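Shared between the two complexes below is chain A, which pairs with chain B and chain C, respectively.
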Partner chain A sequence: MLSKTNLKQWLSLVCLTSLLVMPAAHAQTAEEKGLEIAKERKARDRGWGDSESTSIMVLRNAQGQESVRQMRIRALEVQGDGDKGLTIFDEPRDVAGTAFLNFSHINEPDDQWLYLPALKRVKRIASRNKSGPFMGSEFAYEDLASFEVEKYSYKYLRDETINGEEAWVIESVPTDRYSGYSKQIVWTDKSHYRVQKIEFYDRKKSLLKTLTFADYKLYLGKYWRAHKMTMVNHQTGKSTDLLAEDIKFQVGLTDRDFDQNTLRRIR
Partner chain B sequence: MKNRFLAMLVSRSGLVMVCSLIAIFVMAFGAQNLYFRGDYKVFFGAENQQLQEFEAMQKTFSKNDNVSIVIEPKSGDVFNHKTLKLVTEITEDAWQTPFSTRVDSLTNYQHTEAEQDDLIVDYLVSEFADIEITQEMIDKTKAVSLNEPLLVNRTVSPSGHVTMVNITVQLPDKLDQTADVVEVATFVRGIENKYSERYPEHNFYLTGIIMMNNSFVEESMGDMMTLVPGMFLAVLLMLSLLLRSVLSTMATLLIIITSILGSMGMFGWMGMYLSTATVSAPTVIMTLAVADCVHIVSSMNYNLRQGMAKRQAIEEAIELNLAPVFITSVTTAIGFLTFNFSDVPPLRDLGNLVAFGVMLAFVLAVTLLPALLNLLPIKVPVQKQGQIGNMEKFADWVVRRQKMLLPVSTLIVVGIAALVPLNKVNDVPTEYFDEDIVFRNASDFMDENLLGVTMLDFALHTNQDSGINDPEFLRVVGDFTTWLRSQERVDHVISLSDTFKRLNQNMNADDPAMYKLPQQQDLAAQYLLMYEMSLPYGLDLNNQLNINKSSLRITVTMDNLGSGEIVEMENDVRQWFAQNAPTIDVTAASPSLMFAHIGEKNMQSMLVGSSLALVLISILLIFALRSFKYGLISLIPNLAPAAMGFGIWAVFVGQVNLGLSIVTSMCLGIVVDDTVHFLSKYKRARDKGQTAEQAVRYAFASVGRALWITTLVLFTGFMVLAQSSFSLNGDMGLLTAMIIVLALAVDFLFLPAFLLKFDKKVYQGGETEYVEQNESKTMA
Partner chain C sequence: MRLKITATAIAMLSSASVWAEQEVDIRGYIGAEGRYFAEQSSDPAQTESQFSINAEPEFYWQWDRGDNALTFKPYLRIDSQDSERTHFDIRELSWLHVERDWELRLGISKVFWGVTETVHLVDIVNQTDSVESFDGEDKLGQPMVQLSLIQDWGVLDAFILPGFRERTFAGKEGRLRGPLVIDSENAQYESSDKSGHIDFAVNWRNTFDDLDLSLNAFHGTSREPMFVPQLTQVTQSDGSVAWVADALTPYYPQITQLGAVAQYIYQDWLWKLEAINRFGRQIDNYNALVGGFEYTYVGVFGSFTDLGIVAEYAWDERGESGTTATQNDVSIAARIVMNDISSTEVLAGFSQDLDYSQSRSLFIEGSTRIGDSTKLTLDMWLFASEDMQDLAYSFRNEDFVQLSVEWYY
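Right, the complex of A and B next:
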């Protein structure tokens, strides 16, 4: 019964089935899965409109000494581009009233202005640098800027349980060469697409910092916000806690509240 | 009892050998725990005040361990397309250095300028190397950098002929950073190799704290690799010449090896680490062990030549030498044990290690050595000898010339010793390395062409949050910076006052008249906030400011100064603040300052240690010689050699470093051996009623040759150590070798003349008694 023709037929059948099966088995590459999760994370956070909060930053050095910064943060969601943000510093006293306005962009440098009350002038910060420390803390400006899908390329690594939550572990590589990082490892929980932890790797690919998120609260029945973000620098032994105190959503902020010309009137 | 023990050693040779070899094996097994620490911090105990202040400052600001890559274009000008391209490339690669947290170069300097109401903060040339460098960029870089106090004299020389890329690394906090140091150094050397190939028209020099640490590692390893085998070779040569027997030489070698293995092993069992100082321990132990063995083996040879049976020859050799070898071992050990007074942990370790090694060598020399000698088929032909030795002739000469010898030798001793105060305590870490070492060469080059490697950090504490923005404080900082720059010895100052002046100018439309400090606290604070928000990763101000902006760090780089001048600079700064700004707390710290202080402090502690060694050894001698008088007399020949050695050192070198602080203690313990042997023989003759003259002749005849030989052995051993390219060990070896020779001269010339003059009293009614023959046979 068995003949060459038969064998040929058998083999073609095997080939055919494997061809049919393959797309299913390779339905998603690790890159695609990572991107999908990132997209869903962004999608779930869409529509919050505007917000206002008070934040405290507690800086610690390797010696254990502490220093506190206090500020109010206003944010406006922008569809199709990065968000707008306004940060008004309250502490330390000698920078009280200084206001920092930023329009974050996806593919070009952010626009940044600073109102200096002592000079009574608005100054534009013309710099592509965004990897330096924010207010001397362990947070870089880029760590605080709004999350945009296009800022990174993604790769799903594995599943892991973190803070009691099932999570995806995804490697995110910044697309902007001016970023201070070579990559970030991000833990996003499966239940609500909340980021639980991020490891930052410096340009020489060594672990630089770890950011952990805690005290997540739900706003408007949809938006999760962490009230405690702790950044630890493994290389210097310094750390910073960013504590959000009082977050209010949809307080009626508009583009006019984020205008460089009105910056100096901001209280 | 004693004799039975000695007899047992010989009769049960096999058992003795097996037991001692097992014991050595167990001890040596601990060597696997040994590890090597190459970083300079080993020189400072945890309780060291300067180290504590240094570490506190590092934690408050940031660490500034660094590697500097100095680039010298052969054209003599760095402001050209090729060199700037090279600098951008090296800068980008430098960021890949393991543990690096900051890279400062001409091309990544954050230059600020104003454009209408914009503050532009940007790389002076470029962040990335893949850009086209235009003539316009070159001109701008030259114009900016040569006028920027933060760059000129540091990143670029005023004439623009050399430039430097500085890499700051943060090594993880752990005890042993050696592997990390080597990793960083290897990486940076890789960069150097890569670019010297691609840019052959440039010279490269690597220096900085990390390269210094790396050289500590490399030179210590190098010492291990060359000195220990060199010493073995020297020992082999000496032994075969002195003992004229292959088997005796083998037996002695085995004692040396087991002494070293045993002591290094015990060191390992105790959880100690090796360091730049302790790597010289094997050489020193070897040298001292040889001396023990030579005494015993040559006694045995002498006995054999006299026709004695081998067993008896060995037994008598041990019996004759047991006491003197024990006493000299103990005095040597005491000398080394007083290293425990040192403030430098590796020196304490060295002292304990060698002290243990010396006592172990003694034990092995009187147990394993006789066992081996008995087991090995050593044959020495019987020989009748009636010749008058050279020593006897020499003794005649000394006795004849005593009237001249005493005043002349006294004059020489006092004259040379009087020069001792001309020595200056000086610890310059870079000068621990010979000039032919690459690191030293690079450091010297940088010192001559750009800036020195002596760094001093001053932290100014306002003890008030945001206190550094206070205009009054800023005025003080500005004045202090100006004062620092007016000092001849200062090469460069990193001060935030320059940044503030520049920002003030930028914020006022780049008006050069506004290059001055802001006059309001809030203005200063807001300028700083704006500037900080514009800086990229790694180029922030965290190395100059603490987190609550109450303290400011000013980094001063100076010429390669001696420790005295560094301490003087520190004092001048404190003085300046006492006069000009008494409310500001100032702390000073840096590795240079740590070395500057430890040199002085250690010298004082070691003076106490040496004095104690002298007292203990003298007491021991009083007991050993059973005479208070001779114990006191021994003080002179024990002290004079070290005093003369340092006197000669003052003429030829004049600088005393950490390594030399231990020489006095060590030499006391070693040179005392000569005195012990000479005086004990002299006293023995005197006790038998001989005159001083006869006793001197007897002492020369009986131990003269032995002293020659041990001096030769010790001299050779320490001269081998002197070959170290690492001056802590090298200088110590050289000076010790010199002192050992001087000691022999003092014992052979001054001491007999002194005894002949001041010890004329005749004992036991002047009756001359024949001194037993056996005593004069010590050495053949």
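Right, the complex of A and C next:
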């Protein structure tokens, strides 16, 4: 009779053998390859804990007129669910002190609150629809949410060189039917699993926006962060640059720094 | 203007440097406003137009990464017509201390309770600065000791409120007001402590997934006064003697108010409800509620514009004999958010009284940004009322349009 330990060992041996044999038996499908890359991308970004950064958004209309937004962003990694984020606006000055609290979720709508300093009022936002623009920019709320594997289904398309990097090109279809996009084409580099470019297709399946990532810097010896993200809207000619000025990791933020009481007294 | 001041203090005994990081933040605005009234005033002392300037600087100083903070926010308005609207107030002057599961605030501050948009029933901690705006959203600074307990079962705020603030009212030359001037110099109180009565309040709130709940209680001087006519004896042409009211004296009774607030999110809908029970020796025991929904349609007709619909119903048990104009009223409003670089927004709507069918009001409020830091706001209110029993009747001639410019720094 097999003991429990023996059974486990035997089973793992069988699994291992089948894993070794399988690639030879039938080649990995494009869907499997896409999912594998997405999982590795997420795995490489686990464990950063919490972060604090200052960002500038430069909004540009089709005529080239510019307007600047300045904000501070605090983020907290949540295991097993989407991250928590708190954005405090410093400019334009008429919205200074306004703050946006977001609890991102994988399988249900995010929880969102907005703090209005003049009224000292916290307003909850019904947020099933994430496709709305963030602060008048070309970024939608969903473009700024944390990346979660379960939010898309994947299909590997081809290999391509981009920004001097070898990259996989993957088609990602949002699983949330309230997403503003029918699909995204994502360029992920092979060296560090960093996203280099995303093309967004609207619900009518035509190309809407292109997001490019630049000035990647390495933090804590493990986490890559782009310091310049440029979103171009092909349908309106407008564009937005999101520039991260200063990112600090593991500054000691906890759940308490992302609750409604903190939101009520935020500066 | 966000400055980071890093001060180095050298602790001589340990010969080690102690770094204390302090942060100072100064912000605020300076504004100018013009109001034009469409109809002739009921009092010859009043005029059809009114101009004013205002300023609200805010000084903020924090240390221990924000676990200790001082806020000072004075406010000043100077009005061309109304000596009552020309006023100074300390909106905030408080010290805040934050711990992991409690917070303490000492000083003058502001607290908002509630979820609804048209009527704020449960919101009682701060007095309304009604000369500021018609919608009652502006509040006077309230002296307070506020202790907040942050626990698994929710957040409990306990308040001690020393020092009552009288409601502000438009003066003889000012608008918007009814035919009788409210004599706020000679306010009367039920309590022998007058404005020195110490009030108490408590509020509990918690979020249960898609449901936000809060329960609160207040005991002390009512923020909403009753009005006692000041009678003067006049001898009429036929020699008979009559009493004529030529002003109203505010009378502030002692009350207890129990309030409940609920908000439920369902898809793109926010359902809201506020209810109160108020009683006291000098007032009727009564119930009132306001409830409704807010629905947001993101990206109307494939554009970047959001359309929000707000519909609310307000009810007061005292009905036509009560002290509120919204005793049985429906309000419907549309909020258009352009999501453009200038953050352009328009809120337009109307209120209909269901008891007085001829009584309604219409409002439009639009705002946009000019350049980097100048905000332009246009407000318009139109009032209609034909029944003298209706409290809104006194505002029937007060239709106005108001343009304000605020420069932020």
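Following the convention adopted for this analysis, the second predicted complex is superposed on the first by the 243 of 267 C-alpha atoms of A that agree within 3 Å, B and C clash if a C-alpha of one lies under 4 Å from a C-alpha of the other, contacts with A are read in each partner's own complex, and residues count from 1 in each chain.
Methods note: contacts are C-beta pairs under 8 Å (C-beta built on N, C-alpha and C of every residue); 3 or more make two chains touch, one makes a residue touch a chain.
Since this is a predicted model, take the numbers as computed values, not measurements.
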Three-chain arrangement built on chain A, chain B and chain C clash or fit: clash
Touching partner for A:43 - first (chain B), second (chain C), both, neither: neither
Touched partner set for A:93, first chain B, second chain C, both or neither: both
Touched partner set for A:207, first chain B, second chain C, both or neither: neither
Partner chain in contact with A:114 - chain B first, chain C second, else both or neither: first
Contacts of A:59 with chain B and chain C, given as first, second, both or neither: both
Touched partner set for A:220, first chain B, second chain C, both or neither: neither
Partner chain(s) touched by A:237 [first = chain B, second = chain C, both, neither]: first
Most chain A residues touched (candidates chain B, chain C): B
Location of chain B clashes with chain C - one stretch out of 19-27, 73-81, 91-99 or 109-117: 109-117
Touching both chain B and chain C, residues of chain A: 59, 61, 65, 67, 92-95, 119, 121, 124-126, 128-129, 131-133, 136, 180
Chain A contact footprint on chain C (complex, rising order): 2, 23, 25, 27, 29, 60, 62, 66, 69, 96, 98, 100, 103, 110-112, 115, 137, 148, 150, 155, 207, 212, 263, 265-270, 294, 296, 298-299, 304, 306, 339-343, 369, 372-375, 406, 408-409
Interfacial residue positions of chain B with respect to chain A in the complex: 56, 58-60, 62-63, 95-101, 115, 117-122, 127-128, 170, 173, 465-466, 469, 507, 520-527, 529-530, 532-542, 545-549
Residue ranges of chain A touching chain C (in the complex, touch as defined): 59, 61, 65, 67-68, 90-97, 119-121, 124-126, 128-129, 131-133, 136, 180, 256, 259-261, 265, 267
Residue ranges of chain A in contact with chain B within the complex: 59-63, 65-67, 89, 92-95, 98, 100, 112, 114, 116-119, 121-136, 140-141, 177-178, 180, 202-204, 206, 235-238
